[in-house]
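In what follows, chain A forms one complex with chain B and a second complex with chain C.
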Partner chain A sequence: MSAYEISIISIIGINVILAVSLNMISGFCGQISLGHGAFFGAGAYAAALTMVGSGSVLLAILAAVVTGSLLGLAVGFASLRVRTDFLAVTTIGVNFLFVGFVRKQAWLGGEMGISGIPASGFGPVGNMTMILLFAAATIALSLYISRSWMGFAFRAVGEDEGAAATLGISAGAYKLAAFGIGTALAGLAGCLYTFFTQFITADAFDFIFSVMLMAMVVIGGIGSTWGVVVAAVGLTLLPEAIRFVNDYRLLVFGGLLVLVIRLAPGGLAGVIQKAFLAVRRS
Partner chain B sequence: MSAALQLDDVAIRFGGVQAVGGVSFAVEEGDFVGLIGPNGAGKTTLIKIIAGLLRPDKGRVQLSGVDVTTDGTASRVRQGLALTHQIVRPFREMTVLDNVTLGAGYRRTSSPFRALMHLDRRRESERAAEIIAQVGLAGTEKKLAGSLPLGQMKRLEVARALAVEPRVILLDEPLAGLNHAEASKQVEAIAAVHARGITVVLVEHNLEEVMRICRRLIVLNNGLVIGDGEPREVMADPIVHEAYVGGGMASHAEA
Partner chain C sequence: MYYIDLAVTGISFGCMYAMMSVGLTLVYGLLRILHVAHAAVFALGAYVTVLVANATGSILLGFLAAMIVTPLFGMAIYRVMYEPLLKYRPDVPLIASIGLLIFMQDAFRIVFGEQGITFHRNAFAFTTFNIFGVTVSAVQIATIITAVVVFTALHLFTTRTRIGIGWRATVSKPQIAASFGIDPIKVRYLNFAVGSVLAAIAGGLVAEMNNLVDPGIGFVVSYKALAIIVLGGLGSVRGTLIASLVLGLVEAYGTIFIGAWLDRDAIAFLALIVLLMIRPQGFTGARTA
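Here is the complex of A and B:
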């Protein structure tokens, strides 16, 4: 396997974790977050500092997960107070705040970022394998949640918080749970990204990246784990395979996003489900 | 024994308007109470206070002797209160069966952690199917809730309320917007709820039906209780009559 292939597969794995975890917050529980990059970044910086300080892979993973979910819970508390559309704006603000804050902090490397982060010691193939294992575990967790009573309650909260309350479901607790789990996984992805690049700057976690993640969720099909996985893989590979897409990445992703919302709001998963039903009927 | 639902001196003010001004009453276990009053009497505000959607400025709300004044809706539901909305709010994207199953699993969903630990829904689905049949919706289980006609959606609201195994059920205008045939089916469903020993508090504009099915009437006007007792006696009270005539509802009061 070439170094290029290893790096592409590693990035795909990280994007799958990010898109699937965002889908838990926005797809399962209906809380639109356009700042997932901030939680990804918080995890990456926590892991980088831990690696520089201790060199322990386990501690780095732990620090990333805890930092991602703590920031996520803080934003989750905001979600208890605001309507869904304001939450989208709040999370955009959180993403800008995160990048702006990190850029000005000398202890976080400022504009230059953190470089020379100690290697995980697994080598490129070992890192890739670890990333793929965590991606598989994330997919499995997502599938489990959507089948559990938690996923059932998430759907209710996402559709109508007031009606959910009349069935004894505390919308607030579930929204916090969605943010806590989803952002912990984003923190994990940040840690894996740090192992992979050994060099991070704030720009990798900006708002544009968050919008790309949301595009993966929407194009894959909001709420569908497999649809989102396929979209995350496809949209990561697309710019690599087609030169034009790489040059006009924002234009192509933005265009796809608009087309999907206009023509197939259920995303890939919705289109496939419709086709399947049509075939079964005929 | 403590009352199923008890309000002590409940009051709330919005700006300069005293929407509810010191309301007290107790509803005994198994009773069937109609809460009525002309428009603007404070019924909706009082329902929101009982449901936990509004916190009163003063006073106390108790369910079976437990003070729930500061609890939210979900917590009150888990303590035995169920409610239906005046404007139906089914989960439109879920099937009828899922709508009721979710209610039947209220113990499973009492905390996200507990919900995460459980996958099996068979028992809850079976209970849900029974309840759906009881309110006369058998055969609609697999339909999307959003595709039902209004009359069936209103009965689905009752089914969901029953699913949480309530001791007290608060029905907010369950007959509003229904034609005569649908309304009579809904009344049957409500009567069946009461027959199961559940305490019913009914808020309804349709005075004819209220007089027919309630054992006791509580009349609100300007945020205060102006009548309370056996329906015919209450409606014969000149103060109550005056409130309705003054409120422009003479025709209903005569009905």
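Here is the complex of A and C:
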């Protein structure tokens, strides 16, 4: 495999983890989060500092997961107070706050970011394999949760909080659980990203990236694990596929986003479901 | 005197934010959509103002042209993009809206260049007055006066005219208003038209203030406007006006006191998050959430 292919596959794996974990929060549990990049970034920075300090891969993974989920739980508590669109804007705020804060901190490298992060020691192929294993584990976890009691509770809370509460489902506890799990995985993805690039700046975790992740969830079909996986792979490959229009990359991306949502508001999962129903009816 | 200077800066920014975000509040109040692409309308207004002003030599004509073009664009956004998406979850139109903003922003970059465009003649931006030792620029005065005029007009329109009253009726109780013969679809178009005109004026004023329109002009402002309308209590025009002024002032002073620690654009969101934790329904406390 060429270095190019290895790096593309690594990025796909990372984006799959991010999109699937965001889908747990926004898809399963209905809590719109447009700040997933902040948790990803928190994990990446935690991993980078740990690697620079200790060089231990295991510690770095641990630090990233813990940092991601702690920040996530903090936002989760916010989700208990503010709802729906208020929450969406709050999470946008969290993302801008994260980037704005990191840029001004000398100990986090400021505008320049952190470079020269020690290698994980697995080499590019080893890193890629690790990323893919974690991505597969994330998908498995997502499928498991969606079929478990917890998944039912998430969906109940997402559909109608009041009704869920009437059934004795503690909406607050499940929201916190969704944020905790989803952002822990985002932190993990951040750590893998750090191993992959060995160089991070705040710009990699900006709001546009969070929008990109949300776009993967919406285009894949909100709540559908496989739909989101396909969309994550597709949207990651898209910039590569339209490399020939490199100068118009954002134009094409924005246009396609509008077009896809306009034509298939239910996402890929919605399209497939419709096709399936049509075949059965005929 | 320095602190009063900051207050003037803060208030003029606040007025600009208010004109920018009232359109968003209007759309949210009626359709429950976070209309992020409003920032593209704002940017379009700024570009048209500069282009026409340069072509004709009159800044006034520039503003006028922007106020004609942007409502058409705003209404087209509603017709083509939002109307078919109304029955889906709010994140669906939101993502489409963000997509359109990204598209427009890149389109502006491709057509008018990375560096943006400037006024050929803009004596206005550099004229300053000294009032009792406080330095005030002509653009700041113009912004504040424009905002006062625009919002007084809007207030009179919504309270004194039949159309305005019908509009408010539709926003608060769409079904009942419809049964009284008010066409809700026309109200939606009116909503987008009025909001877009306000955004165009704000865009033109920002272009004046910076003497520059670049592709990124709408980007940060758009998310700040989201913070503002949420602070204002989503859908409340009065709350939005208060929140805009508060944010303008918080930013002006905040940049001085905590600027070393946090950048200007993040201050708005820090204020937002702190306030939301204290008052989850925003300033006005309307229970829309």
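Things to note:
What we mean here is this: the second predicted complex is superposed on the first by the 262 of 282 C-alpha atoms of A that agree within 3 Å, B and C clash if a C-alpha of one lies under 4 Å from a C-alpha of the other, contacts with A are read in each partner's own complex, and residues count from 1 in each chain.
Just so we're on the same page, contacts are C-beta pairs under 8 Å (C-beta built on N, C-alpha and C of every residue); 3 or more make two chains touch, one makes a residue touch a chain.
None of these values were measured; they are calculated from a predicted model.
Touch criterion met: A:162 reaches chain B, while chain C stays clear of it. Applying the stated contact rule after C-alpha superposition, one finds that A:42 touches neither chain B nor chain C. Of the two partner chains placed around the shared chain by superposition, neither chain B nor chain C is touched by A:71. Contact with chain C, but none with chain B, is seen for A:218 once the two complexes are overlaid on the shared chain.
In the superposition on chain A, A:92 makes contact with chain C only, not with chain B.
Number of chain A residues touched is higher for C, counting chain B against chain C. Looking at the shared chain after the overlay, A:208 reaches chain C, while chain B stays out of its contact range.
For the contact definition in use here, the chain B contact set and the chain C contact set of chain A share no residue.
On the chain B side of its complex with chain A, the touching residues are 51-53, 72-75, 77-78, 82-85, 89-94, 98, 101-103, 105-106, 108-119, 121, 160-161, 163-164.
Interface residues of chain A, counted against chain C in their complex, comprise 26, 32, 78, 81-86, 88-90, 92-94, 96-97, 99-101, 103-104, 207-208, 211, 214-215, 218, 222, 247-251, 253-258, 261-262, 265-266. Across the complex, chain C meets chain A through its residues 28, 32, 34, 80-81, 84-85, 88-92, 94-96, 98-107, 110, 223, 226-227, 230, 234, 260-263, 265-270, 272-273, 276-277, 280, 282, 289. Across the complex, chain B is touched by residues 144-145, 147-150, 152-153, 155-156, 159-160, 162-171, 173-174, 176-177 of chain A.
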